[in-house]
Amino acid sequence: MTQARSAKSFSHGVHPAEHKQASSALPVERMPFVSLYTLPLSMHLGAPSRPVVQAGDQVRRGQVLAEPSGFVSTTLHSPATGRVVSMDLARHPNGQYVPCMMIEADPFDTQQFEPAEPIDWRALPIDGFIEHVQRAGLVGMGGAAFPTHVKYKLPEGKRCQRLVINGCECEPFLTCDHRLMLERPAAVVRGAEIVASKLGADSATIGVELNKSDAIAAVRHELPADGPIAVQPLKVKYPQGAEKMLIKAMFGVEVPAGKLPLDVDIVVNNVSTMAAITDYFERGQPLVERIVTVAGPGVDRPANLVVPIGTPVREVLQYCKINHEARQVVMGGPMMGMPLASLDVPVLKGTSGLLAFTEAALNHPNEYACIQCGRCLEACGNLLNPSRLARLARAELYDELHQEHVLDCMECGACTFACPSGVPVVHLIRAAKATIRKRGSKDA
Amino acid sequence: MQDMLWIFISAMLINNFVLSYFLGLCPFFGVSNRLSTSLRLGVAVTLVMIVTSICASLLNTFVLPYAPYLQLISFIIVIASTVQFAEMIIKRFSPALFRALGIFLPLITTNCAILGLALFQTNRDYGFLQGLTFAVGAGAGFTLAIVLMASLRQEMRLSNIPSIVQGTAISMILAGLLSLAFMGFAGMFSAL
Amino acid sequence: MSEHVEVTISAGGKREEPGPMRLTLTLAIAGIIAGAALASVYEITRPIIEANNQRALRRAVLTVVPGSEKVQALAYRDGQLVAIERAADTTDPVVYGAFSDSGRFVGYAVDAEGPGFQDTIHLLFGYDPDTRTITGMQVLESRETPGLGDRIYKDPKFVAQFEALAVKPDVVLVKGGAKAGNEVDAITGATISSKAVVNIIKAGNAQWLDRLDTAATLQLLLEEQHTDVTPEADK
Amino acid sequence: MSRHESRLLVESGPFLRRELTTPGLMNEVTLALAPVILAAVWFFGIGALLIVIASVAGAVGTEWLFAPSRPRGASLRDGSAVLTGILLALTLPPAVPLWMAFVGGAVGVGLGKTVFGGLGQNLFNPALVGRAFLQAAFPTAMTTWSEPTGAGGLLSIRASNLALPLMSGTVDAVSTATPLGAMKFEHAETPISLLLRGDTAGSLGETSAIIIIVCGLVLALRGTFDWRIPLAMLLSVAVLAAVPWWIKPEAFPSPWFMLTSGGLLFGAVYMATDPVTSPTAPLGAWVFGLGIGLIVVLIRLWGGLAEGVMYAILLMNSAAPLIEQATQPRGFGRGRWAG
Amino acid sequence: MADSKSSQQIYDEFVKGVWKENPVFVQVLGMCPMLAVTNTAINALAMGGATLFVLLGSSVLVSLLRRFIPKQVRISTYILIIATFVTIVDFSLNAMAPVIHKELGAFIALIVVNCLILGRQEAFASRQPVHLAAADALGMGGGFTIALFCLGATREVLGFGELFGVPLFGEHFEPWVIMIMPPGGFIMLGLILLLLNWAQQRRGSRAATQAAGEQVSAHDALPIAPAHDSGHIEEVV
């Protein structure tokens, strides 16, 4: 009760049904290794990685397969011990065919990871630390998959005052971060300690929504006494997991439009990323696997699975017993996730969930005319007027869309969720943004 | 005073020049595509109306009693030169305003609201102050109507107007609805 | 200026660039011709228009002052009513005197206007200083709502109320049936228009009654002076 | 497994939607009108129901004939035409000829909505467009009010209701003053208790203040409409009416009377809250409601009409795009006001 | 030959104004008088006639004087000419038909600023010989009058239940008062324009289907045609 009162939040937003109870109580289990892994060279934002092995090479689990091809790029490691079968175009979850590396797992290998000596991160200079993070192949694991080390490169004159650890997991259905905080709270806290200390942050705050009170308790238990790390309970609201909303919720500070959290001296990381940092610096384990929540009415056995990166979605779903009612598979959360056109696509570093929906659960609303009821306005955390933007988008008035800050939209989908008329608001906005960007680049 | 208040309210709302007297329809339909330009036009029309009203008062007192047949011609000449003069003055003292108003000023010459103002003022035997009040009210009413119209039309770009209604037809109907709404002002301050 | 014109012409040697002199001349000629045309049309039409106006006025006065046959415009000047030929000729307030065929004074007709429901209502009402009553009312100009407000002149029952309406105490508008001699019953659904008519008459009374009552002593003088303005054609 | 593939549905997210739908909202309002219709029948007899039916028929028929939706009549599913018809009927006097109610419904939907492209595209409240059209077209019929018949006359139908199409109603309709008319022209203030109960002459829907208040509260609590608009409207009327009343109580009606008489409550709850024709942003809703209240007070106290709610709402409808533009949300990270 | 050609030209100019380029329905000019004085058919006709007279008079005069009016002052001269004719109409109407003159009020004087009239001088009369200018003025003025009459008659029939003051529907008809009031003017003109749009689109789509249909039938007829032709040739031979 007291927690609820002290809990903070941002303004506007929506409250979708949580649907988390199906998997939130299920301990994380390890998915068995499969025979073939597909690893796109670009599963992060930025330049694709450059391969350093060739078809036919034997690789070990955790071995570097591809090096970063620039600063905004990262390393790719083999998720399993085996052989590089080929390098070819294969289907990415976004529907495009992209260069991928196929790894055939060695069926006779134990696939055990040999822990290495811990790295003395305290002795590292900041540049060395950043290089290590890049070598670990870390990306933001909340979904956007932005290379983590880039966030740590503070521009001249900037400093990171506060480190924010994002444990909101505001998307319905997803429970991977919840389970992680519950089962490995120490790893999260130690990761936060490492990053906060290397960035010279005054404080590190872990923001967790109140629907995960057990996780809050578990993490609190691990906090070192009078350290700079704290846990901040937050009200349950979508899209609180969005960086800027989280900062607003926790500190009441608005990151100026078009700017980054760093402009208000804040760095935001996901809890999973923190655990991965710990794994790397303490055991030498790069990012080769992650926890994925498999849920939805289309699977009979929901689970929180540790899945090697590159595992085909089909294998994961089969493991969780996808049923015949399933009509739609979404990678990520139900609000911002990506619908899959094929199951022959791999789990990526940013894949937090695989959700299978049945016909019955799919809420296909009839589309009616927008009646400008303003419900999307009250949903929009970015304080835009989505109904107006959508209507402007339909009328193809791009200059005005630009003036009304359509590019500020983070496409969280709260507007579409809230719309009683079933208008695909965020879809229209997304298309308009793409057109404006295209026109902008043409002009330039 | 009561009289003045009614003249003002009547010219602006009850008998709005555009919505009730059908004066100044050309700019009302022609220049109400954008909000900013319509506001500027409204201000320009109001200014010209004020000057015209003053000139008409002077003409009515000193010239027309002797040559009533020159009424129309003298009003037209006054309006044309007022517009020309206003153009020169604005250009001289506020180039920014001139750039903003520039293209609209010549248009005002053929705006029947201005000539209508002078004629009505004459027909009703308004004195100098009454005429001035009338002009300010009429100008404010014109501005109000054209600004509302522009904002409504701007909003209409977001609607799927059926093709057979598009163009002048929908503008007419819109003006009709606006005129209907303005009927609510009838009798305001008239029978206190 | 004229030198400049010559230079232009000799230099160019062509008709295409007329100088300001020619422009002014053209406009001046056009203006003179237009003025002349207008003046002559005005002179031709003026008597007819004036006759029309007089006839309309006379008709209205005769309606609001029963029993009258002739009309005389009177200007109020220095506390006296002075006979004038046309109302437009003076800046003094004007009232109309109505006389019987034999030249006997019958009453006054007062021109008054004021705000109505929609626009200005312009009306004429008759006043008999002897009985101190209003003898009739006619709306000359109004834009009242058809079907409702226009009943101030279309509803004979309403108009009839002004045929013998006491002015002391002041005229009042009532609803649900007039009882006293100074009461006017409002038209159902057109209360504002009815009220406007009463207000206009009250304002006219306030402006004229005292003047007319004191000027009534001049009646004899008037009768002598009085000239009939009825156009010949109408007799 | 391949069975999944062939049937995989790829559509744009989000994949969760709120339960609320637009027809649901329309139906909620329609349902909330049922008590008002019942009250109208109670006070004015079964003729009231006929008026509602005629008006709905006009509205629905026009929507079916002229709405640009394909297939024909598809737009009827959103429930807005029925709502428009009912709303219009409830603003009509009890003695109005049925054919006029039909014409009003048709004009409201035709000129008020379909010419602009149908639901969501209109700029003026369709029901009020129909009402204002009737008021301007048939001023006499629209200002002929009759006393409530009470429970005894439940089966009564007024003769003028049954006038032949395009013909005027019989003259037997005895007109009586509405509370606002009595206030304006005779300065007689109807007791509040009567206004609350609804035993007064007036439009079908504007009789019982209590019923409308209760229905409005239910709708507001359910979040069916933006509660700010009616609240702002009522607040501004109360405050603006209180000032002259406080200064000169013998010349001006009390704020209580202003709030409970005429169509103010009905307009505040059912008309001004039409989302299409009101601003979307919360600040805009406040401005919109305050503006309506201001015009209502102006017209009622100093205008030529006894009641001004309809015109006030229509006028603010016309100003809604301006308000909307001025009260756009500021944008996250864009300072106090939109930059 | 030349004569018939020029009479054809005159006819074309006339028809153009009356129908094809009707100043009101097609060009949307002269809205102010169009709406202000069309509450009855007779007012509409009077206004149309007055406008027609002014247009005809100024067009003929401008066309006659077109060689003598310098370009720089032509607009002022036109306005002067128009204003003169308008004043003449104003006075004459006042003398001859005071009732109608009172109904039309200031709108007679406002013919001066009817953009239709100045527009015709600038666009046509100042460049064409007198007979064409006159035909154009008659056409445009006629078209304007017709449009005014349509609107005026519709509004009078609906708003009063009368046409030219003659009751049409018996005494129990309930007039639609709105039609003779300002909102009715706007709405009625809007509806007429809507109807014209509809008719035009209708015709357009019918023409399109017809064209398509003709193509199809031409295709169908193709195999038959040669046989037919050959038979014909034989006969000739």
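Assorted remarks:
Here the chain labels run A, B, C, D and E in written order, and each chain numbers its own residues starting at 1.
Note that a residue touches a chain if its C-beta (ideal position, glycine included) is under 8 Å from a C-beta of that chain, and two chains touch if they have at least 3 such contacts.
Quantities reported herein were computed from a predicted structural model and do not represent experimental measurements.
Listed by label, the chains that touch chain C and also chain D are B, E. Here the chain at the heart of the structure, going by C-alpha means, is D. A centroid comparison over C-alpha atoms places C as the chain most distant from chain A. Top contact pair of chains, counted by C-beta pairs, is A-D.
Each chain gets a centre from the mean of its Cα atoms; for chain C and chain E, those two points are 38 Å apart. Chain centres here are Cα averages; for chain A and chain B they lie 60 Å apart. The mean-CA centres of chain A and chain E are about 69 angstrom from one another, to the nearest whole unit. Computed centre separation for the pair chain B/chain D is 33 angstrom, with centres defined by C-alpha atoms.
In chain E, the residues that touch at least two other chains are 76, 80, 83-84, 87, 91, 177-178, 181, 183-184, 187, 194.
Contacts with at least two other chains are made by residues 69, 73, 158, 165, 169-170, 173, 176-177, 180, 183, 186-187, 189-191 of chain B. In chain C, the positions touching at least two other chains are 34, 38, 41-42, 117, 145-147, 192. All chain pairs that touch, listed by label, are A-B, A-D, B-C, B-D, B-E, C-D, C-E, D-E. The touching residues of chain B, when paired with chain C in their complex, are 6, 10, 14-15, 67-70, 73, 124, 186-187, 189-191. Within the complex, the chain E residues that touch chain B are 28, 31-36, 76, 79-80, 83-84, 86-87, 90-91, 105-106, 109-110, 112-115, 118, 178, 181-187, 189-191, 193-194, 197-198, 201.
Taken in their complex, chain D has these residues touching chain B: 68, 111-112, 114-118, 120-124, 129, 132-133, 135-136, 295, 298-299, 302-305, 308, 310-312, 314-315, 317-319, 321-322, 324-325. The part of chain D that touches chain C in the complex is made up of residues 138-140, 143-144, 175, 177, 181, 184-186, 304-305. Per the touch definition, chain D reaches chain E in the complex via residues 97, 111, 115, 133, 136-139, 141, 163-164, 166-169.
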